[in-house]
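Presented below are the structures under discussion, each in the form of structure tokens.
Two complexes, one shared chain (subunit A), two partners (subunit B, subunit C).
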Partner chain A sequence: MRVKKGYYNNLQIKSAKGSFNREKNKILLFLIPTVLVMLLVVVYPLIFEIVLSFKRVVLQNLRSWNWPNVGFDNYNRIFQEPIFYKVLGNTLLWTVINVACHVFFGMGLALLLNRKLPGKGIIRLILILPWAMPEYIVALTWKGLFNEEFGTINVVLKAIFGSDAMLPWLSDPKYVFIASIIANVWLGIPFIMMVCLGGLQSIDKEYYEAAEVDGASNWQKLKNITLPLLKPVMTPAIILGSVWTFNKVNIIYIMAGNNVSDDAHILVTYAMKKAFNNYNYSYSAAFAVIIFLILALFSSSFIKAQKMNQVR
Partner chain B sequence: MKTVRRLLVFLSIILFAMTAFSGCKLLEDDDKIQIVIWEDESDSVRAVHDEIIEEFTKANPDIIVKRTHYELQDLKSNFINAAMAGHGPDLVIGPNDVVGLFQSGDLIIPTEELMGEEFFSRFSKNALDAVNINGKQYAIPDRNGNELLLFYNKELIDKPASSMEELIEQTHVLKEEGKIQYSIACRTDEPFFFFPFQSAFTGGKVFKEHTIPLEPDLDTPEMTEFARYIKKLHKDRVIPRAGDYNVAKALFEEGKAPYYINGPWAFVECDNANMDWGVTVLPTINGNPMKPSSAVKAVMVSVVIEEASEAKKEALIKYIDFLTSKESQLKLSKAHGQLPTDKEAAEEAMILDPIYEIQEAQLENSVATPPYQEMTKTWDAMRDAQMELLTGKIKPEDYGRKCQEKAIQYIKDLQG
Partner chain C sequence: MKSSVINKRSKNYYYRNLDIKSSYFDRGDSKIKIIIIYAILILACFIALYPIINIVTISLRPSDKLLSTSLKIIPDNATFDNFINAIKKPAFLTWVKNSLIISLLSTAFALTISVMGAYAFSRHNFRGKKMGLNLLLLTQMFPAPMIMLPLYILMTKLRLTDTYMGIIIVYIANAIPFNVWLMKGYFDSIDMSLEESAYVDGANLVTAFYKIILPVAKPGIAIAALFAFMGSWSEYIMARVILATEDMYTLPMGLVSMQGDFTTQWGVYSATALITAIPAMLVFICCSKYLVSGMTAGSIKG
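After this line comes the complex of A and B, so read on.
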């Protein structure tokens, strides 16, 4: 049979295209359930919350579903209240201190574990334990430790410095904040440590050998080899860590319970209080939208800045 | 490898099936009517509720009663969420200030609609008034009191003090001897426990008179005097530096404080601690009585019942009647220690145990908690201000103003 020039080529191309389309359909088919779940669990609640923030929804009219539109009233109210700026400041302080401590201690421990150490496996296991424990249990345990009358920390302080050294860990908002930071730092170190350790182990040893030959000091090796090569690994970890910490409800909520003054709140716990203690759902929704926008801005700015640094 | 893969697939299917079918009831339960109750009771009271449920279901085999426990804050938010969605319990048992909160959201129904007017004739009037909002009985009270009393450790105190001045002097000697740490163990994180001290200065006034909705009236010279007094007690270690319920309980049970302010629910706890304890009415301050806030605990009927079948409503009427009967109230009273609201049960209880006479005496000198939602928010406001006062964040002179500002803000939040 005589065939046209390029017939077999066209056949191959058509066959390849057909196989590619089938492959694409298969991929889409596998993605559909995930997309559906994301739509239901993420997109719909987000849109609902944004809509809610422009209405007036309180306990009295909640059941009636008769929710009047109030435009930007909720947002105006939030920005006019001094407490918003106080809790925003608390949140930024909370996030910066926690993430800085997580990175500092996590990286430090990772650098130690990246050497030859006797019993390294067991040490690593012990250091990962906080990550393995449920947050709720951790918060309750720390709450017990910080108990003002019977907690271990105050008992030790009293034994060493006398009863005047006992601190109001769970009643004074300043100390509630500090106690929560301590608990959260303890909780968050293992994640950064493991990410860092993975990154360190992927760095080619030849770089260090070359630096050794050039007479570089340990500090120079850290500054010029380790840190730059860890950046691609640490950047997403820091972004994730910052977002999680910014939105961390459990620790402050459990440590302080209902008894914390507004001064110890961060944005997300304050929004929770407004919704579930004061039953002002639309005000709380507006708060949540503001938190979302802050985090979206932060994440995109951070990634952009990292990309620009890489280009340079 | 193939076998492992097949095994994993098989296990996944089983797991999925278990998850998918976990919500299914047993077929035999389909014929029975189910009543769901949510409550915030203590351990000992829950045990009695279970006995009552067992007795009821034995006599009514076509009815199942399920009880779920929540702490008060969770009870409030979970019930609101559930009722909003048209689900949740049929009955909620909680304190009367929560009645106002639920009523404001139309989450509970007036109980006369279900039980009829005649049903209420056996309850004491002051208990019914405590859950009466705008002329309707939004709950059925099952115990009267919730009032705070003065417990004392008989091993440290021979005769309990009748005034705070006497109490402080009495315990000062014990402190000098190194026998105790504080004079009185009490919670410092809840304004309910400071309210008796407050009432000795303010007479128990919290709201302006004749205002609907209720308007707080807390920015007063009397509140400043109270704040100065409580700050002094705190500074002089008469009351603990900081303490929740468990801390206060531990201080009393371990003998670190000879006096203890708590309610009738603590009777069973003190018995279980094998202490030689006594109870009396709260002392006076400068000749003025310390008046605790009294309340009732009540059974509320969820709005979801409006859509229920006639059979379900009949079952609910039966159960409520059984739960609030004289016999059930007497059983429950032994566990929670408070006076029954059934008139006959209350008379019988007072004859059986002299402790009820002390409660009756304290109740006569108490301030009834209004059931309105504004009261819940005022407690929240006083809690915040109290913490700031005790930690030195605000001065006593600012305490009343702070309470007032926060109460107004929280009430405004409720109204949107």
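After this line comes the complex of A and C, so read on.
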């Protein structure tokens, strides 16, 4: 009797496993729409753009479809121009400052919020609101705040330090750049904060209790428990955040407008400006390919370094 | 050293017994610390809110006082004229309609497609899986505005320029890579045995997916929907490339077109900007309870 039951059960499990595998292979069909859309809207334009970067395409010959091959001319031109290095430096500065501020403030706020506090829910909600704002509205709003005559920031500066303290936020490239960074820091903190909060909530309280028993200071707890355990959550967020910041168009493009010299631009906005204002499509295609290569290199080395750390 | 620890503990014990402080705050926090924490958080809230409040202020200003150095949050002679003028603008309703159609449809499609794709990525070890995921990540690195020209040419060839369909396809593709990653992480955190037991009970793939996995994955899906919606509701650059006639303008395009005559319409512009931002904020607030769990469930485990 007993044996029979076991046999029966076995059979059932076997057939269930078989059907499971069959069903499992059907899952591959689920991939088809993703693949189709990505091929059409992403892969095809990417390849097209790469091909474009080796040709000469300007407004005059765009519609003729007869684009001469120029080899690496576009790339050579970019690398020979001093403005490229200036803009590249700007981009690195822009990315590093932004991401560092995002992580510092986002993590700090998350640490403060990750404790018992009455009213925490409301505070958290208010703090993520910048994330909910459409980016170009953010850019235009900050442009208003930085308005040299009527903007809040200069009005406040004037009230406190006198009229000498009013800064040329929108006309001097250096200040345009600083103003853009301030706006973008404001915009990006909530994302890191939320990721960080999620990570903090997943850390087992027992670690802290054990550390407390051993008499660990708050700083030691932060350094030896919190930060290492946050790493798996923060790494992808930081990589994505860096890539998004590197490629962020709206803020600088709107803040700088067309009346500021190229000194305030980063790679993407500069390439946009070239494509839109100078109609040199192949030139900006080459620019785009360079941006892409820089980012791909950065992310893959970042991920690799992270993995090496984990092995150790 | 040791005595101070004991001292601290007995203090905590005292508070716990009193049961006033400990039920509201962390045990170790002193009064001063709590005050400092609140001060920092309130300052942060002010900074987070101020630019948004500034839009409200400008939108409430009467039209002769638009350029003013006053810092009052509610301006003198506050009026809703700007909102009325914004809504009365004949094109406004068209923009809202277009934005709603485009955002809702692209969110629905992007969600369906990326949830399915993510499920396959999570549950099947097919060849090239890792490469596929990396390729999706790689697409994030190509500066999006730079695929505009090829995309425009492609859409012209497919006769999809200036149609809902054209822009919706673009928005779907924009949303897929991030959402697939997000949802794959979320599915990974769901135990396989859940479906396996469903298969034992004779369920097939579609029912197991639909009836068992999707309900469990709700927080992740909510967040994916949020990102897809936000992405299309506030997108401007691609819309500008694909849509041309004014009948097809979305809210962001309308807003930017208003910006041409900044000085005269600053107030109406701010009112419209507010009307654009509010739905996005509402969706955000509704989803915010899922925001933490939905975004990080996968990455914690993986």
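Annotations for the structure displayed:
Definition applied: the second predicted complex is superposed on the first by the 288 of 312 C-alpha atoms of A that agree within 3 Å, B and C clash if a C-alpha of one lies under 4 Å from a C-alpha of the other, contacts with A are read in each partner's own complex, and residues count from 1 in each chain.
Everything that follows uses one rule, which is that contacts are C-beta pairs under 8 Å (C-beta built on N, C-alpha and C of every residue); 3 or more make two chains touch, one makes a residue touch a chain.
In this text, all values refer to a predicted model and were calculated from it rather than measured experimentally.
In the superposed model, A:N90 makes contact with neither subunit B nor subunit C.
Look at A:N98: by the touch rule set out above, it reaches neither subunit B nor subunit C. Of the two partners subunit B and subunit C, more subunit A residues are in touch with C. In the superposition on chain A, contact is made by A:P232 with subunit C only, not with subunit B. Contacts of A:S180 after superposition on the shared chain: neither subunit B nor subunit C is touched. In the superposed model, A:L117 lies in contact with subunit C only, and not with subunit B. In the superposed pair of complexes, A:F150 makes contact with subunit B and with subunit C alike.
Looking at the shared chain after the overlay, A:L240 reaches subunit C, while subunit B stays out of its contact range. Once chain A of one complex is fitted onto chain A of the other, the partner contacts of A:N277 are limited to subunit B, with no touch recorded for subunit C. On subunit A, the surface touched by subunit B in one complex and the surface touched by subunit C in the other have residues 149-150 in common. Those residues of subunit A that touch subunit B in the complex are listed here as 56-64, 147-150, 166, 168, 170-173, 257-263, 274, 276-280, 282-283. Interface residues of subunit B facing subunit A in the complex, by the touch rule stated above, are 73, 77, 80, 83-84, 101, 104-107, 188-190, 240-244, 247, 250-251, 303, 373, 377, 380, 383-384, 387-388, 390-393, 410, 413-416.
Interface of subunit A with subunit C (complex): residues 12-13, 16, 19-20, 23-28, 30-31, 33-35, 37-38, 40-42, 44-46, 48-49, 52, 105, 109, 112-113, 115-118, 123-138, 140-142, 144-145, 149-150, 152, 155-156, 186, 190, 194-195, 197-199, 201-202, 215, 232-233, 236-237, 240, 243-244, 247, 249-250, 267-268, 271-272, 275, 281, 284-285, 287-288, 291-292, 295-296, 299.
Put simply, subunit C touches subunit A in their complex at residues 1-2, 5, 24-26, 29, 34, 37-38, 40-41, 44-45, 47-52, 54-55, 58, 67-69, 71, 112-114, 116-117, 119-121, 123-124, 126, 135-151, 153-154, 169-170, 172-173, 176-178, 180, 195-196, 199-200, 204-205, 208, 230, 233-234, 236-237, 252, 255-256, 259, 273, 276-277, 280-281, 283-285, 288, 291-293, 295-297, 299-300, 302.
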